[in-house]
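Please go over the structures that come below.
Both of the next two complexes hold subunit A, though its partner changes from subunit B to subunit C.
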Partner chain A sequence: MTTPMTTASAVSLSLLPEFPRYSLRIDPADVSAASEVLGLELPTRPGQRAATGSRLALCLGPDEWVLYTDEADAQAVEAAFAALYPVTPHSLIAISDRERTITLSGPQAAELLSTSCPRDLTAIAPGTGTRTVFDTVQIVLLRDSESDFRIEVGRSFLPHVWALLERANRELAAGL
Partner chain B sequence: MLLIHCPYCEATLPELEFTYAGEAHIARPADPSTMSDEQWRDFLFIRTNARGPHFERWRHAHGCGRFFNAVRDTVSDKFLLTYKAGEPKPESLPE
Partner chain C sequence: MSAFRIPGKGRVCHDKPVRFTFDGKQYQGLEADTLASALLANGVHLVGRSFKYHRPRGIVSAGSEEPNALVGVSRGGGREEPNTRATLQEVYEGLTAISQNRWPCLHFDAGATADVLHRFLPAGFYYKTFMWPKRFWDRLYEPLIRRAAGLGVPPSEPDADHYASRYAHCDVLVVGAGPAGTAAALTAGRSGAQVILADEQAEIGGALLADDKVQIEDQTAADWLSAAQAELAALPNVRLLARTTAIGYYHQNMVGLAQRITDHLASPPADAPRERMWRVRAAQVVLAQGAIERPLVFHGNDRPGVMLAGAAQIYLNRYGVKPGKTVVVVTSHDSAWHTAFDLADAGTPIAAIIDTRPAIDPALTEAAAPRGIEALLSHTVTATSGRLRLRSIHVNAVTDGKVGGARLILCDTLLMSGGWTPSLHLFSHTQGKLAWDEASQSFLPDLKTEACHIAGGGRGLWGIENALQDGAKVGAEAAMAAGFNATAPALTTQNDRSGAGIIIAELPTDRGPQSTRSFVDLQNDVTSKDIRLAVHEGMHSIEHVKRYTTSGMATDQGKLANMNGLAIAAAAIGKPPPQVGLTTFRPPYTPTTFGTFAGYHQDDTFDITRKTPIDPWAADNGAVFEPVSLWRRAWYFPKPGEDMHAAVARECRATRNAVGIFDASTLGKIEVVGPDAVEFLNRLYTNPWTKLAPGRCRYGLLLGEDGYILDDGVIGRLSEDRFHVTTTTGGAARVLNMMEDYLQTEWPDLRVWLTSVTEQWATIALNGPNARKLLEPLVEGQDLSDEAFPHMSLADCTVAGFPARLFRVSFTGEMGFEVNVPARHGLALWQRLLGEGEAHDICPYGTETMHVLRAEKGFIVVGQDTDGTVTPGDANLGWAIGKRKPDFVGKRSLARPDLVDPNRKQLVGLLTDDPKVVLEEGAQLVDDPNRPIPMQMIGHVTSSYWSEALGRSIALALVEGGRMRMGETLYLPMASITHTAKVSRTVFYDPDGQRLSM
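This part shows the complex of A and B:
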C-alpha cells in the first residue's frame, strides 16, 4: 500500500510518507501567543488554514488546530511551544503516528470523495479544510485546489478507506 | 438526512457529523446531598418528552467538537433554531 495503485483509475490516489503532525489546543484568548511562537497567524474560524515555510495550520474548532510540518522542522516546533508552556497554558500533542495521508488528484476527485463523504464538497473552497466523515470514519479533509484533496485518516482505518476509494475509483474509470 | 446548523462553524452540515446529547437546560443541582430521593430521581431521569419544539443538546463530534443547543420539533423533525452552549434559553421561536 505504499505505492500508487491501480491501472484503470479516474483519480490519482497516493499514500504520503509519514510526516510530523500536532494537535494544538489553546484558549481562543491566547491564540496570538501561539501564533507568535509558530511564526504564522493561526486562523480562528473552523475550516481556515495558514501556512509558512513547511508549516501548515488548520483550524478545526474554536480552540483546536492541527499543525503539519516536515521532519527537519519538528524539533523547532516542539521547542517553541515548550518555551511557551510556563507563560501560556496550552496542549501540543504529537499525533504523527496516529494518522496517514491519502492524496486525491484529478478533475473527478470531488466526485470520488462524494461517494462516501456526506459534505457538500462545493462548499469546501480550495485552500480550506475541515474535520468530517468518510463512510463511518472520522477524517480531516483538506482541499488544496479544485482537483486536489488530502484525507488524513486514523491509521487503523486506512485499509477500509483505501479499499472504498480504490473500488469507487475503478467504477468512475469504467464510467459507472 | 437532516442538515444541522452548527453555531460554531456557522455552517449547515450533514447530520452524520453530529451526535445527540439529551435534553438541554438541565442544571446539575448545586448540592445533591440536600435533595430527597425523589428530587434526585427527577433530576436524573425525568424529562420533558415534548410533542413539538424540544430543547436539546447536540455535539458537532466529527467537526469542531463543540456542544451546542438546538430546538427541534419532535413531530416534524425540523430544526427550528440552534445556539451556542451557555447562551440563555430563547424565549420565542421562529415559525
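This part shows the complex of A and C:
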C-alpha cells in the first residue's frame, strides 16, 4: 500500500509505510553463512542487489548490507540470524523505523533526483542501489527501473527531502 | 521605426515590437533585443554615471564585459535587481529599467562635482585623505565613504523569486558557443559523447551571430549556424544551455554554470525558477571563451558615443542597429576596419578610420576608398568633446613619434579597437600556467592542471575559419580523450575577414601627462595617470597597483581594463609586462546572484529541521522550541498567561513532586554488537565495562586523545555481546564517526559492529516520584520493583502493548525511566502515557526544565559545562575512570603535568549572596574586584538557573583551583553592578540521592 502525496506533477512521489528493514554487518569472510541463512546469494560488490521471495539485500559496503522483507517474514529473518550468531558472529539490527521510503516514478525521475543528488545517475543501473546524499542528507538510493527509484531517508530528514522533491517537481512541471 | 534601426536586418523580430521604460520614459524595442541594443535603436547612449567621478557614460560593449551600462531592473513585488548589465538583459513587454549613481537625474547629476575636483581625488586618496584626526573615522569618514561607494540601490523587499540547482555529468563540457565552441560541440556530439554546450548569450553562435559576410561550407554564416543549432538540438546526447554563464572552474573538472531562466520573460510561470546553478562534472572541458576587445586609452575616451568597434558590429549585424549618425573608427587592429565597412554598407557615414599603425594591409585602404572613407594611418586621437554625447574628436598625425597638430572631426560615435585579449578567466581558475606571447602582446594558456582543452580565440587565434577548424579539432581531441571516436570535419570558409593588429598601451598625445584623463578602468574610474602615480609612489607589482588604484577591482574584474593597465604599469616601471605580472582571475566570471548560489535553500527548504515523532504533539500544545544541533526540541510548554520563568518553574515543581514526561528522542543511540563489543567499549570509554552485567547500565565518559571530555551518555548491556550506547543529541554523528574511525584504522582485529539507531527509537523519559506508579500497570514482561529493576537497569519488554527497550535511569535525580519504542509508535505512546498520567498529576516538560533539574544535581551537559578543554578531573568525574584499565582513549594525556595541575579550572557550584540574582551564563569571575582593569579573570559561569526546588538561584562555573575555594566569595563584575557569590559543591539538591528510589 502506498500513500500518494502529490497529484499534478512531473514525477509521481509516494511515501511508503514502515516495513521490516535490517542493517546486517558481517565479516566478508563469513558472507556465505549469511547467504545460506537468507536463502539468497548476498552480493559482495557495493551497489549490487539480490532478491528472493519478499527478501531483498543491497550491498552498501564491504561488510554492510541492508535487508528488506515483509511483516510476515520478519520474525523468520530475525530467528535465523539469532541462530547463526553463536556460530558466526555478526550484527543484525532492526532499522525498520529508522528510515522512511519515498518512491519516485516517471520518465523525469532521474532528472528530479539530479536537482540535489550529485551522483552520476546514469551510472546507477536499474536493479542496483547506493548510499549517497540528497542535498546534505545521507540517503540510500535504489533504482528499480529506468524511471523508478526509491529514496531511503532518515525519519527526521524526511520533511526536508520531501519538500525539496516537491519544489523541484513543480519546477520540472513548469518545464523551464 | 527609429532612425537607428535598419528594417529587416539582424536576428531581432522586426514584427514583434516590445515596449519598455528607461528612467520612466517609454521606448519601443524588438523581441530578441537586449536593453542595450533597444536603447541604441532609440538613439540613447547615455545610460549611467561613473562610479567615482559621476561622469556621463554610455554603452561600451555588447557583452558581459560591459563596464558602464549597469542599470536597475524591476518587475515589482520584490523582483528587482541593481547593476544588471544592459548588454545582457533582454527586453520584454513591460521591462522597467533605471539608470544608477546619479542624483537628481541622469542628465544632471550633483555627484559630478567629484569630476571637477578630480585633481584632489588621485589614486589611493582614501588612504591619504582620511587618516586624521583618527576619531573622525568611525563617525564621519567611514559613513561618508560608505554612502558614496557602491553602485545602484539594493532591493528593500525580500527576493520574491526562487532559485534552482542541478547536478550534471558529461563527457565533454564546451564553454562558449562561438564558432570554436559550436564546432567543438558538433564534433564531440557526433562521436556519441555526452556533451553540454553552454553560452552566456540568449542564442548560441557567438561571433557568427554578427557576421553576415563570411561563408561556411558554402552557406551563409546564418544558414550554417541554423543547421548547426538544429543538429545540436536534435542530438539526444547534447544539452544546449543558452543564457548560461560558466562562472567558475573548480577542482577535478567541476564547472559551475549560472543559467538565467526567466529574466527575459514578460510573465514567468509561477513555478519556474529565476536562475539555476548547474554543477557539472565533466570528463573533458573545452574552453572556447573567445577573446574580448581591448579599448584604447586616450584623453576623453569615456564619453557616451565611444564604443568598442566589435560591439558596433554586433549591434549592426545581430540587432540591426546603427550606433550613430556619423562614425569615426580609431584602431590598432584590422577588425575595426571591417566594422567600418559593414556600417558604411548599411548606410552609416564613416567620417574617418584612424589607425595608429604606419602601415597596414593595403587591401583595407583599397576597400575604404570606394566607400568614400578617409583612412588616416599613423594617427592618433588626442581629445573628445561633448558632455552627454560625443560631439567631436581631435585627430593628430604621428610622425617619428612626434604628435602633430590637431584636426577637429565632428562625429557622434567613435568606435575603438585596441586588439583582442584572449579570455583566460576559467583557465586561470584551474591555476593553469600562462605564457606571455611576445607577438600578440598577450598571455596565452600554457601548462594545464585539469583535463581541459582551449580552442579558438581563447588561445590567441583570430578569424572565423581558424576558430571553426580549431574548435572541431579540439572537440575531437576532447571526445577521444573521453573514450569516443571522433573526427574533426574540415570546415572551410570564404570571405573570412581575418586580420592582425598591434597592442598599444596608450595612444600618443600632444597633452602633458598631468592633463590627460584617459580611462583605463571605466567601471572603477581609473585613469592611466592614476596607474603611473601608483608606480611613482612605489607600487611595483601589478597586484599592488591594482589594490592602490582599484583598477580591475570592479565587478567586471577588469575584463576590459587589465591588459591596458598592465601595459601602462609595465611601461612606467620599465619592465616587460610578464615581469610585472597579471592579477589573478577568481570565480565567478561575472557577478552572480546570491540566489543562484543558495539554490533551493530558502523558505521551507532553507535548512534541515529535524523533528521527533512527538514533535507534532508539542507543536499542537503550544510548545516553544529551541534548536539543538539540527533538531528542534520543545523548550518549555507555557500555559495561557505564563512566561518562560513561570512555565519552567511549574514544570520543575511537577516533576519533583509528581511525574514529568519528556521527549528524549533526539539522544544519540548506537548499537554495538559482537564478541569484542565489551573490549571495544573498554578501549574507547574511560569507564570499566567488563563487569557490567547484562540488564544493567552505567554512565559512560568519552574523551579525545587529548584527555578532554568529548561526549557522555548512559550505556546499557543488552546481552553479553550487545550494548545500547547513548550519546548527547549534538554528538551522535561525531561519536559514531569516531567509533568507526578507531575500529577501522586502529583496531580492525576487533569483531564488533556499530549501527546508528538514533532514529529507530522514540525515547520518552518519565521522572518523578509517581513515575513508577504510572508506568507499572502498562509494562508487560518486566517487574519494575527496586529489587527486580533497580536504578541503572534496562530490559526488553512491552509498554502499553508496544515493543520497548526500557531503561531505569535518571538525569533529574528523581526516580526515572526512559522508554524506547520503535519511532512509529512514539506519538501514540506519548499520548497514552499522558492520558494514564492524569491520575498521577503528569506534566510535560521541555529542555529548559531538564537543564534546571540536572543542574540542581550537578550533572554536566557536554558542550555547555565543558568546552573541549575540560578533563574528567576538572568536571569532578574522576570516579568515572577505570583506574585499573590498561588503556583507553585519552588515558595517557590525563597524566600530562598541565592536566594534573591543581590550579586548573574546575567545575564548582556558585550560590549568589542575593538568592534572587540569576547570573548570566558566560559571566566572568574575579577574586578581587578592586584590581585595575584589565583584571585577572579566574573563571566563568557555565550554567545558571532559578531553582524552584531550592527557592533560589544556582550556578555552575569553571574556576581556577575551584575545589580549593569552597566557601570563598568570588565576584562577577557586570556592566552596571558587581555580583558576589560563594563557591559551593555542584550537587545542590538531594546530595545523598535518596529520591532515586522514592
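Note that the second predicted complex is superposed on the first by the 171 of 176 C-alpha atoms of A that agree within 3 Å, B and C clash if a C-alpha of one lies under 4 Å from a C-alpha of the other, contacts with A are read in each partner's own complex, and residues count from 1 in each chain.
Rule of thumb we're sticking to: a residue touches a chain if its C-beta (ideal position, glycine included) is under 8 Å from a C-beta of that chain, and two chains touch if they have at least 3 such contacts.
Owing to the predicted nature of the structure, the values given are computational and were not obtained by experimental measurement.
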Original post:
In this superposed model, does subunit C or subunit B come into contact with more residues of subunit A?
Top reply: C
**OP:** Once the structures are superposed on A, label A:Ala29 by its partner contacts, choosing first (subunit B), second (subunit C), both or neither.
**Re:** neither
Original post:
Now for A:Phe157: first (subunit B), second (subunit C), both, or neither, which partner does it touch?
Top reply: second
Original post:
Which holds for A:Ala72: it touches subunit B only (first), subunit C only (second), both, or neither?
Top reply: neither
**OP:** Using the touch definition from the top, say if A:Pro46 reaches subunit B (first), subunit C (second), both or neither.
**Re:** first
**OP:** Could you tell me if A:Val87 is touching subunit B, subunit C, both of them or neither one (first, second, both, neither)?
**Re:** neither
**OP:** Scan A:Ser116 for contacts with subunit B and subunit C and give back first, second, both or neither.
**Re:** second
Original post:
Is A:Ile95 in contact with subunit B, with subunit C, with both, or with neither (first, second, both, neither)?
Top reply: second
**OP:** Kindly classify A:Gly61 by the partners it touches after superposition: subunit B alone (first), subunit C alone (second), both, or neither?
**Re:** first
Original post:
After lining up the shared chain so the two structures overlap, which partner does A:Ala168 touch, if you call subunit B first and subunit C second: first, second, both or neither?
Top reply: second
**OP:** Jot down the residues of subunit A that show up as touching in both complexes, subunit B in one and subunit C in the other.
**Re:** 118-119, 123
Original post:
Which residues, counting only subunit A, touch subunit B once they are in their complex?
Top reply: 45-47, 60-62, 64, 118-119, 123, 130-133, 138
Original post:
What residues on subunit B touch subunit A, complex-wise?
Top reply: 1, 8-11, 13-14, 16-17, 60, 62-66
Original post:
Given the complex with subunit C, which residues does subunit A contribute to the contact?
Top reply: 18, 23, 25-27, 63, 85, 89-91, 93-99, 114-120, 122-123, 135-137, 154-157, 159-160, 163-164, 167-168, 170-171, 173-176
**OP:** Could you please specify the touching residues of subunit C with respect to subunit A in the complex?
**Re:** 162, 164-169, 261-262, 268-273, 279, 281, 600, 604-605, 607-613, 631, 671, 673-675, 721, 751, 753-761, 822-824
